[in-house]
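The following block contains the structure, expressed as structure tokens.
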Amino acid sequence: MKQFIAKILSHASVSDCFFELAFAWDAAAGPVLPGQFCTIRVSPYSAPLLRRPFAFSRYDEKTGVAAIAYKKRGPATELLSCKPAGGTINIIGPLGNDFFRFATAGYAHFYLVAGGTGFGPVAFLANHCAQRNLACTVVLGCRTRSQLPRLNLLPSVKAVVCTDDGSEGIHGTPLTYLATLSPMQYASSAVFSCGPAPLLAGCHEWALARGLSCFVSVEQVMACGVGACMGCAVRVTDAGANGFARACTEGPVFDSRRILWT
Amino acid sequence: MDLSVAIGGKKLPNPVGVASGTFGYGGEYEQLVDFAAIGALYTKAVTLMPRPGNDIPRIVETPSGLINSIGLANVGVDRFISEKMPHCRELPCAVVVNIAGSSADEYARVLEKLETCPGIWGYEINVSCPNVKHGGMAFGTDPAQVERLTADLRKRTKNPIIVKLTPNVTDIRTIAKAAQEGGADAVSCINTLVGMVIDVGAKKPVLPMGTGGLSGPAIRPVGVAATYAVSRAVSIPVIGLGGISGPLDALQYLLAGASAVQIGTANFVDPTTTARVLAGIREFCERENVSCIKDLHRFIP
Amino acid sequence: MDLSVAIGGKKLPNPVGVASGTFGYGGEYEQLVDFAAIGALYTKAVTLMPRPGNDIPRIVETPSGLINSIGLANVGVDRFISEKMPHCRELPCAVVVNIAGSSADEYARVLEKLETCPGIWGYEINVSCPNVKHGGMAFGTDPAQVERLTADLRKRTKNPIIVKLTPNVTDIRTIAKAAQEGGADAVSCINTLVGMVIDVGAKKPVLPMGTGGLSGPAIRPVGVAATYAVSRAVSIPVIGLGGISGPLDALQYLLAGASAVQIGTANFVDPTTTARVLAGIREFCERENVSCIKDLHRFIP
Amino acid sequence: MKQFIAKILSHASVSDCFFELAFAWDAAAGPVLPGQFCTIRVSPYSAPLLRRPFAFSRYDEKTGVAAIAYKKRGPATELLSCKPAGGTINIIGPLGNDFFRFATAGYAHFYLVAGGTGFGPVAFLANHCAQRNLACTVVLGCRTRSQLPRLNLLPSVKAVVCTDDGSEGIHGTPLTYLATLSPMQYASSAVFSCGPAPLLAGCHEWALARGLSCFVSVEQVMACGVGACMGCAVRVTDAGANGFARACTEGPVFDSRRILWT
């Protein structure tokens, strides 16, 4: 973990609402794993004030290139989208735990489910799995075809696209797709999910009903991003944590059974 | 040039601390910050019993500010002593433990337990937290209660006692004077302002408790005004805070009458703020031929 | 949908007014703004005698805010009536005259003179100006004085009386209740926060008076919290203001319990704010099937 | 006077610290005179908050082009300098009174004195005079040669350059130059001055001592810019104005004898 000023290597729109921003990683900050995030200070002025967290969409230790994929949602992402390649951004990272630590147990197959801003980290995870010859299926959901981000998935990654309006792939959400799977298909699988809360909850329920493990990356507004402020608490089921866990350090990836779904 | 700060017979090595609740117990920031440059670490509030904290969400950004409703989430004094202090003790900076309670008795019992624990520089008495139902700000808005509480704690320790003031009062000077009467060695000024944000889409307050505490650059002018007023009302040192993001902000507080400052919300934006602020203060004092922090107080009568 | 607001037996055509001191007497903004879209013009404060105002400079920007130390600069009530009212009277919006004084007697004499003058919709009683040595905020922080002053003015007019509250108090609800007891038809909430900026280079406060009044987006969370608290403490309408820059900000106030709002500092940034806010409120009410402003109050208990 | 969104036609550095920003003027806002200013909203966010006032450096009614020349001093001018040609700015103007209204009386010659950010309006005024065959001398002062802005002055304008370090023209300030003038040279002249307060005060004293008229454009922090807030008050000698006048509407140009110099 380190704070550093990174050079922006490329910055391009990868769908009609998504941008990918690649930057030079400072090796002294240590390696990056799928599921981890960094925080970016977008403005030198006091509004917008807080750093904003973004999950990594790729990281290549050899070339020293890291990237995030993001959606314009408000002032910070608006400002971010104006930063040109060649310029710099103020980064703290890598932060949080990673998806991959949960993949150690002997699963035969992974369903990697992404919706909305979850595309980036799921693409990173998929390529990471593929490189390690772990079988996985990426299930991507978005509203319509034009929103589908052009993120480079390795050829060996199987991807299923779901659109709300049926303009591409399956007509429905990733949950529609999961519901079609037979026990043979999901046996010995685990689910990793990143995206809007209803999607995460749906994956959790789908997995729970089938006795599968499900790991979710949760979003919560963050102030410090390093575990100091207790601001990013999420509700968990274990009393040992007093009912709360910090998304920034104990997460953002949790076993879905640990989350108190409401 | 001597940048040390004398408080209650002890000395802080330099005037720039990190504010309670924004730096945890230190460890969280260790990879990002050089603790040798920090004058004092004011810990997250410690209470008698562990507290889970308030319902979520707990943070909402506002124009140049931040509202928090953490609600004094902490592991309780016993686990603080056994789990956090061993690490805190190793830090190269002074450790001031921020104490909160919902009754005078609770404050006293927390302090008594901490008294048994080596490595504590002093105490910051939080009578100004707007995020709890009992105690906190309810104490801090009543001069009589502040004086009684301070006097009671005074009897129990020789370590410096710093009373942390709330700006949510008609006349903050009366509270500061009460703290001084009670035997406080210093006051810190200010805690957060009561604020509220409503989620218009959801048609309800963003924070489950409704209100929270407003901090950050937005409140800096309020903190400077309070520091100016308080430092003219009491003879003990005033520690200024509220919205400091850089050297010029800190110098506003010092020129207004503060003897030291704390950095809170700005740590979240740039963890190196403390180091930048200290360097800037040093540079300013050199340029202006100021020999010590106290010397900065002569410019504004 | 009915966007009118009933106050003291009269009606404002819509809930979006322009705040005292930020729109002069109307004329200055005529080329930039459609006054037919403004619910009410709250005039710059009017005092018994002409006042030159405070020493300069009077304005300093702060993070997401503005501190002013205008000091109730105005031509005095006589010239206000002879020079300003003839024009104000022609405006297509309600004109609420903001009244300030340094004694109860002064407030009464200003009001009595204004009573002889046609075209005034109502009065906003400024007991919350932080920029004058006497009167202003000194009144507004004491419930007994607020009640007495309001009761005295109540006897002298049938026009709506709106008491403008200061946030620089321990419990704003007590002041609001005092205003209601005194017979006020509404309260407006909030005036500016006491703030200070120090010019580090010059080593002195930017404003010659030292402190000034902080307004703008920075204080919005404080205003919303105050409006929420006050609207639950009194039964008269609450007019919310402080940092409103757009429709969502205004809707925060309305959902928190306000029956109307005022736009202050945002006029300086974008003179069309009032029109944008009104359009946004109308759109929101349509979308949410809300038939009147009062109906917005049911969402947050 | 009007608020409008103007297209930026060009935006270039005109010295090592000066920028000139030209934009499309909205004819409905009315014509612009030298000495007048506009206010610009530089950020859509709340910090920096206030609009910033800038004097016009040129205006051509026929082509509909207006411009300002500015120095980077803080957050607002920093942000302004990032706005590319082709983009837009939010303008209110024209505001304030103008220099030229004071030029009606029968003066034989004008000394137009500029320092620092005063270059823009003085260049505008000089060209305006030249077009009307009014004799004038522009006296420009700056620290060093490289700061001297490349603002187009008409060939008939006589310009005297003064630099603090003597790297160009006269070694000294515009006041150094004025002090060298003989009664024959300044007889029947008037002075117009725009720049830092000490320069204005110096011009005032120089003119006063010689029985000449002097008109100065004053700077004061502004909130509304239209006369409503009383924020931009400056001290004046006339009791009728209660000792204060608003720089934004009664000024920014004042007869220097009306200003209370301190």
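We just call them A, B, C and D in the order they show up, numbering each chain from 1.
What we mean here is this: contacts are C-beta pairs under 8 Å (C-beta built on N, C-alpha and C of every residue); 3 or more make two chains touch, one makes a residue touch a chain.
Given the structure is predicted, the values throughout are model-derived calculations rather than measurements.
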| item | value |
| --- | --- |
| Centroid-based (C-alpha) most distant chain relative to chain C | A |
| For chain C paired with chain D, centre-to-centre distance based on mean C-alpha positions, whole Å | 36 |
| Chain centre separation (chain A, chain C; CA means) in Å | 47 |
| Separation of mean Cα positions, chain C and chain B [Å, integer] | 34 |
| Distance from the mean Cα position of chain D to that of chain A, given in whole angstrom | 54 |
| Overlap residues in chain A, where contacts from two or more other chains coincide | 46-48 |
| Per-residue overlap in chain B, given as positions that touch at least 2 other chains | 63-65, 216-218 |
| Graph class of chain-chain contacts, one of line, ring, star, complete, other | complete |
| Complex contacts: residues of chain A adjacent to chain D | 43, 45-48, 75 |
| Chain D-facing residues of chain C, complex | 21-24, 28-29, 31-32, 44, 50-53, 56-61, 63-66, 68, 70, 73, 216-218, 245, 265, 267-272 |
| Touching residues on chain C, where the partner in the complex is chain B | 62-65, 67, 141, 168-171, 193-198, 200, 203-205, 210-211, 214, 216-222, 224-225, 228, 243, 248, 251-252, 255-256, 284, 288, 299-300 |
| Chain A - residues contacting chain B, complex | 1-3, 41, 46-51, 90, 92, 220-235, 242-244, 249 |
| Partner chain D, residues of chain B touching it in the complex | 63-64, 217 |
